[in-house]
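Two complexes are shown next, each including subunit A; its partner changes from subunit B in the first to subunit C in the second.
Right, the complex of A and B next:
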């Protein structure tokens, strides 16, 4: 951590960046995002296993952009999100500096996005055994049982949209749920509205979700939303050979070849 | 009426629950699910959670559900036929285990729903609700009822307040309203006479963190201040805080139409969402999160006390606990007071 702090301090002192987005101690045992703008404040930076918020979510926030060029403290899920966002033209090498954190909590600075992309080849997305087990259990259910599982899990949702707000990939200025001409998604948080919302969101993240769990961590009532996106990751493995964030990669849900088979349309 | 004090034996608590249940009332009580405690419809006394500080969501759902159909309509050549919500169909509900801050939250909520047009649906639901409060014998770092004129044994808003006298002790029952008295009248055997009992020593010690009057005065000339941006930099603009808040009352009206038939539905809304103030033109008077955060604080600690003579906060701390990015309201209000 000392190395990270030292580098963050240098970057702010030399004016190479205007803000370092990192983690700091929060209330009780919580950690939170820190926006360090003065070199003398780098001592606030921390990193440990509690730092699970995906900081990439702040890179598109207007107020954060207005501060100026940021450096971002980036453990693996943040690195993945950065590459995915870069592939969606959200930023380039010129407007972002990346202070990487390895799974061993070591500091590693990346000079350019391409280096992050290469680095991530050693850290492919792997769904945790515990979650795999749940997905397998869901797979084995009958359609009716699975439907009931999701009705039960999603029915308490009151649509605070914390899942969307915490997701770095949910940066649309106007989300589908907010479209009202026509209205695609039922707004009330009744059974249909909740199911439409969460299934739609999972589909929009298919082939983009970096499996950071930010959505499920953000949910105030602990709905296991990430099971939906994990399932899309599994499906993509079967149908498209898997997903990894790449700078030039085509996007699974928005690329096609003229000779693609269309035998899934029945 | 002056507060009548009785004693309920610890061993009689389940009998009281069963008796209320047998009278055909729907009972909502704190229940554990997915590691979170929330008010749920409870059938058995043993299903009630005991070890928790506060439910994740507030009790307001009983009078102000997150989504409720207020009318059905059918369009035809003759016009539009409307069938309004049947108020008679609203059932009698008892909320068991309401914390004092949750019960107190119904005061600002009622003030909002009655400041101009009286909201018949909300009022009917609340009239049919009996609140059985339980004093707090413990608190956490998010609790601040004592900073907003409440206290861990406060009876305001409750119909009956139970305070456990020690870790394994019996309960002091304070009968506060006619609704509370009805419960006693129907179960005379369960409510014994209580001697002089000072409940104070059994209550949690919730430290005072700020002075809300001072904050209100400060906010009168605080609209343009850099603190709003500083504090809200980490806010990601979701509606978790408003959704769990016992006093947040904003709602949206949605028409759900299927062909010529439809329903008009009232749904919770959140001032933290960017779409909340988005105009049809595309202009948004609260374009930035800092402006939305300012609105949230000003509404609760300046506009409401000014216009409705009641603060829009009961100090339950739910917003801080539910916030995915640790927007700690005590910390922010204290900073405003000190600014």
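Right, the complex of A and C next:
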């Protein structure tokens, strides 16, 4: 951690970057994003297990972009998000510096996105055993039981879109949910709109979701909405041989193989 | 109460299945009248939200059909669509949406008889499954029906 602070200070002093995006102590026992622009403020930076926010979400914000070149504190999920975003042409090597943090909380600096990509080969996306168990439990239910489960789980959702705001992949300027010609997603915080919204969200993240759980952590009423994206991850593993963010693009849902296998088309 | 007549919507591509359905007609093959055909430029254009919307509007079953692989007018639209359907269908099932009510098929412009068969078997399946009350309830469909008189 001291290493990280030292490096952040150096970068700000030399003017190599204009802002360091990291974590700091928030109110209560929560952590929040910190945007450090002065070298003397780097002491605010912290990193521990409470830092679950995916900081990559800020890289695309116009307010952050206008400050100048950022350095970002990046544990594994953030690194994955950065690669996915880079493959979607959201930024290049020249406008980003990455202060990586290994799962052992060691500091590693990445100068090139390609280095991050190689590094991530050792850290492939794995669905946690606990979540796998829940997925299996749901799979064993009948269709009606699953329907009732989701209607029940999603019914308290009041569509605050905290899940969307927390997600680094949800950067569209116009989201389907705001389209009203036609009205794709029913507006009232009612079961129908809730099901449509969460379904749509999961579909748009299929093959892009880096499994950082930021959406579920952001949800004020703790809806397990990350189960939906986890399910798509699982399906992609079964049908298309798995997903890992790569700089070369070739995203799961925008490419195809002529011999993709299915068993339901007549 | 009168006997249940399923409402089925078919999203089809212009180049194969729509022409195929045309052939069914010109060949004087009879098939179930429960289907409403909606023509699209390509299966790749058939947004999954359209399927969600049709359930919300009260259909009991959906047919999605287009050109056979390698026959797409735009070369790869149906390949792209197939990938999307694989994920879509899996996610539907996971959320408890009844995937027996969604029939995917490849029907070429020469397969008039196959189109009739696809429609007939789908309508029979839906007739056995009954109206899609689960979704209609959530969509407030019954209340809407009353309020519209």
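Here is the rule we use: the second predicted complex is superposed on the first by the 255 of 266 C-alpha atoms of A that agree within 3 Å, B and C clash if a C-alpha of one lies under 4 Å from a C-alpha of the other, contacts with A are read in each partner's own complex, and residues count from 1 in each chain.
The rule is short, and it goes like this: a contact is a pair of C-beta atoms (placed from the backbone, for glycine too) under 8 Å apart; a residue touches a chain by one contact, two chains touch by 3 or more.
Just so it is clear, the model here is predicted, and its values are computed rather than measured.
Peer 1: Overlay done on subunit A, so just call it for subunit B and subunit C: clash or fit.
Peer 2: Subunit B/subunit C on subunit A - fit side by side.
Peer 1: For A:206, is the partner it touches subunit B (first), subunit C (second), both, or none of the two (neither)?
Peer 2: Second partner only, subunit C.
Peer 1: Could you look at A:264 and tell me whether it touches subunit B, subunit C, both or neither (first, second, both, neither)?
Peer 2: Second partner only, subunit C.
Peer 1: Taking the superposition as given, does A:151 touch the first partner, subunit B, the second, subunit C, both, or neither?
Peer 2: So A:151 only meets subunit C here.
Peer 1: In the overlaid three-chain picture, which partner chain does A:129 touch, first (subunit B) or second (subunit C), both, or neither?
Peer 2: neither
Peer 1: For A:228, decide between first (touching subunit B), second (touching subunit C), both and neither.
Peer 2: Once the two structures are laid over each other on A, A:228 reaches subunit C alone.
Peer 1: With subunit A's C-alpha centre as vertex, what's the angle to subunit B and subunit C, nearest 10 degrees?
Peer 2: 90
Peer 1: Quick check on the superposed pair: does A:186 touch subunit B, subunit C, both, or neither? Answer first, second, both or neither.
Peer 2: The answer is both, since A:186 touches subunit B and subunit C.
Peer 1: Regarding the shared-chain residue A:27, is it in contact with subunit B (first), subunit C (second), both, or neither?
Peer 2: It touches subunit B, and subunit C stays clear.
Peer 1: Please give the least Cα distance, whole angstrom, that subunit B and subunit C reach in the superposed model.
Peer 2: 5
Peer 1: Hey, what residues of subunit A end up touching subunit B and subunit C alike?
Peer 2: 186, 190
Peer 1: Give every residue of subunit A touching subunit C within the complex, in rising order.
Peer 2: Those residues of subunit A that touch subunit C are 138-139, 143-151, 176, 182, 184, 186, 190-192, 195-196, 198-200, 202-203, 206-207, 228, 231-232, 235-236, 239-240, 252-258, 260, 262, 264-266.
Peer 1: Mind listing the subunit B positions that touch subunit A in their complex?
Peer 2: 34-36, 38, 56-57, 66-67, 140-142, 229, 232-234, 236-240, 242-244, 252, 254, 256, 265, 267-268, 270, 273, 275, 287-290, 320, 322, 324-326, 328, 331
Peer 1: Okay, in this complex, where on subunit A does subunit B touch?
Peer 2: Per the touch definition, subunit A meets subunit B at residues 26-28, 30-35, 53, 57-58, 61-64, 156, 158-162, 164-166, 178, 186-190, 193, 217-224.
Peer 1: Which of the residues in subunit C come into contact with subunit A in the complex?
Peer 2: Residues 48-49, 52-53, 56, 69-70, 76, 79-80, 82-91, 93-99, 103-106, 118, 134, 138-140.
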